[in-house]
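Lettered A, B and C in written order, each chain numbered from 1.
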């Protein structure tokens, strides 16, 4: 059916006449360069379109649901899975046994997390099916690409957090199934850092990149649980090497990463995730919270402290689904503290474990409520996803090259618009053809209220998508 | 009285009429960006004003003593404290017992160091009291800011070096008192690296930044002496993480750190300080000069060697008070070598320990004599401190924009000058009011010999400070 | 005779009249800045002259053999030496004893490697003697400079790979003789990173720089074999520190290292060399393939995997002598795997050891055959070495400043041309004087077929070298 999709695009192209062939080629090779995202977008997660930018899709109406469903939703899965893991640790670690946490909480949270993961995964599969172009664009987006690691991290975390009632441990094949795509992605992404011209780390590095490193430690942790110590050490080492590079790169704040938001953001919490998980993984491998674990944990704790004192920086932001990713660091820090308190049982460590667990759980609960409210009450959880709507080429500066702009960039935009329009057309044609009910009803919510603004640079012609 | 200071500035402002309000606002928010220091200053420690620059204070006469007293003076305290620590190690380590060093040397040096610290601390407190603006400017200065770590490092070193006759060990509360401000500064400064737009490490990083890292290891060392092993490991880990980032950053010599002096300088010796101290701290924590200590020590030794072979680079510079900071690395390398020779007792290691100790002691003695000569004989120890005298905004290039400069930057300078003038005025008014004797006599040394150069760009109007 | 060389240049200069003195001074101080190489050259190893560039030597004919003999030839020695080392490991390690490798292979390969090293070393000595200027230019070349480490790495590897029949172990003095120049070079090169204005790591860093780090680990390995554990640990630590800096720098792909080739290349394999050797050295020091060895080995293995999956990037390049350097990483990874399989004897590790050994041996064999073919059949092994032929100053852009170019850069080129011409003249004069047979016969192969293109910017006047 994906073939069919391409075919219908091709037919569409032929209908368009002379420019069909070249446009199809362009649609194959269209890879938005990383710098383009930085140029066209702003905001903490590069999700706000700059005013000077042209757009592929109309901004004044809601897009199809699948196009508005970002892969950042997998952050929610990680958050819930790690929360379940935290309550397993609270229920089973002797040093916090005085809390008398029932193991059922772990079970309930785990079930919720599994359900959420299945739902999100299914929806995203549908998106990949129907809007492969949008998925590709997320893969090119410097922030979003890291969320492709998220489903596998969530799966691995769920495997770690599996309630003892459900299973004593997972089967080794589970590890293999979850690690295979993660390892493949690593080879791809780390290779881009190393070899890629455009996607070098000094350009694309941002706190979300931590998501691409943390998987190594979670995988290492699960491997150690399964008794695959050599494999566990391998992934721990790989994680260490890349965390090192990333930590230094992000701490330096290279001049090329100028585009990091001035408005600070929970995104920085991701700094904590890798060292916290690393300390836990190391303990699981060597059976003791030894010096390496302690060093790793101390770094996590210091970073936590240096974030908490900047409390003011983390307020006053619009809620977004990707906030969920920031719950994982908090939770992993809590778990590491619980493990540490098991090694060094002392009121201070125990108190810290409880405190951090309370903070993590409160945060997750608040986010959960907020997410439900945004999703079902205010229906604002999925705004238009600007990250996938930028044009492939940069618009020239207005001031100096007004005439040039009018002549040149118009053509580019038209091409891009045509491309996206034909994609959507093809999709709708397929929908009509297969007689299946439309997946996203809101596409027909406002069928004929478009105003055709036939200005030169306006993307008004896109409205015809809806008028088709 | 600090309040009163602000108030008198405000009154002053009101007297100035219409521009008062905006200038007061400016005086609150005035934070000189780091790049500005790099632009306006040159020399190994950014302490020489570039010729093209305008200045806030008259260059042709001596400023008040307190304004000329830089926080780099705390380097002297570190140098003396570490020297005292070295002689304690020489007197108490079995592997160098053949030298028969009497423990009294430690006592004498320690007393001198404590006295020096008290004197410097008192003077700097006075400076903070009377010239808060100047202290703030030192805090914004990319090199100077690191010397704010120096007093606490000196205190911790003194606590480590405490002569056995005075006390077997220090009370844990001493550690807490000294570490609290250091930890606070770290959260502030490291946070600026991570979050700050202007003060990112890739811009402000310079060898002096090592001073901000070395405190962790000294704190770790003292904590280990007190038996707080977990705390010691925590700070060791924090130090490791940040030394790592700093080491890589400084070794890379990023293009943004272009402004590092071509005239090389003892400042590079600071590279040695952190690994040398780290190896000693690790040995104190784990009771053995083990592999980690050896790795850390080896790095320090190699860096030492690579500095020593560049002997020629470290000659021919004007003496300055901040040279004292460079004695700490030498001394810490000597101590680490002594500890190493205790682990691996061998003529080579013992000889190296003696050699390095001789070098360190010779250096400190020479500096001590030089300092005394400069202070009391030649009276040149405290030249005008250019680091605090730059204007807040950049002067345009002379050649191309002469007219533009005459119109625009004049205004900027006048504002800045007015600001500083009113500060000094307020201070003098307060002096008159409180009937206390003037702290710095030289302000009245040359009361009426100013020449009013009423050129366009000259800061001549500042002379009125003295004519007041 | 080197003196004499200088003298004859001086005499030559005097003959040239008025400009003699200044040109001689220039010839002394001529140090081509690193950035100049990046500007003037392109290609994977900066060995292809850009089209816009002027050149010092005629491109349309073969230069003297010694001028075409790059120091990259030492890569061949490293490759053969490490191959010999691999076969020693295969013959002596119990975990791969099932292969029944006869120890004679080690002996044969070792002999070949020793012979090759002697030949290459001798030729390069001749080059240093006759073309000191060219050697200096190789020392300034950001890629080539690293090959100055290669002979010592090759020597140390040969000492490690010494067949048990020849000697049980080498004499400690051998270690000292080989490590002394390597240590000296390190102090020089690492110092340049740290202090040098032009040669900072963020500018000159490229995968070949790994060659300058790997020597530490090989030296450490040999020292451990000799029982000098403290020395071994020292060099291991030095190697670690600098590998760390280099690893992070190269992984970041700083914006300043923009000039790295888009056409990817075996050069990236050098990433593997240092961690693989480090893991082996650590095992030799501590007598066990412990956690540090494993971490180091895992990093090497992951990098290997991430290179192998990019197989397509490593095809389709013109063969060059420097490819030999890339065999060392493969071989060292194989040896590390053999050592690992000795620690963790398991079909997987044993299979991996055999697989990697086969890959490494196949690669080396192919390169050996290719080298012989290029050297003796096609006689294309040593093309003109562009890396030493660039002018010292940059040619302005043609398009905008045509007139400016004609006036200004002509003078620069003439000076440079004159300089090189007089060097070659002096050399030939010396040849005539000493009545020794010409070292490179091809200088007389095409004596009088030059066409004098007396265009403004052409380096045609250089032809007179051959007409002399």
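Convention: a contact is a pair of C-beta atoms (placed from the backbone, for glycine too) under 8 Å apart; a residue touches a chain by one contact, two chains touch by 3 or more.
Small disclaimer: the values here were computed from a predicted structure and weren't measured.
Novice: Would you identify the shape of the chain contact graph, picking one of line, ring, star, complete or other?
Specialist: Drawn as a graph, the chains make a fully connected set, so complete.
Novice: For the two copies chain B and chain C, what rotation in degrees overlays their C-alpha atoms? Round to the nearest 5.
Specialist: Going from chain B to chain C via C-alpha fit gives 120 degrees.
Novice: Between chain A and chain B, tell me the centre distance in angstrom, where each centre is the average of that chain's C-alpha atoms.
Specialist: About 43 Å separates the centre of chain A from that of chain B.
Novice: Which positions in chain C are in touch with at least two other chains?
Specialist: Residues 244, 248, 254-255 of chain C each touch two or more of the other chains.
Novice: Quick check: in the complex, which residue numbers of chain A touch chain B?
Specialist: 244, 247-248, 250-255, 262, 264, 268, 271, 291, 294-299, 301-302, 305-306, 309-310, 313, 344
Novice: Which chain C residues qualify as touching chain B in the complex?
Specialist: Touch list, chain C to chain B: 186-187, 190-191, 193-195, 197, 200-203, 205, 230, 233-238, 240-241, 244-245, 248-249, 254-256.
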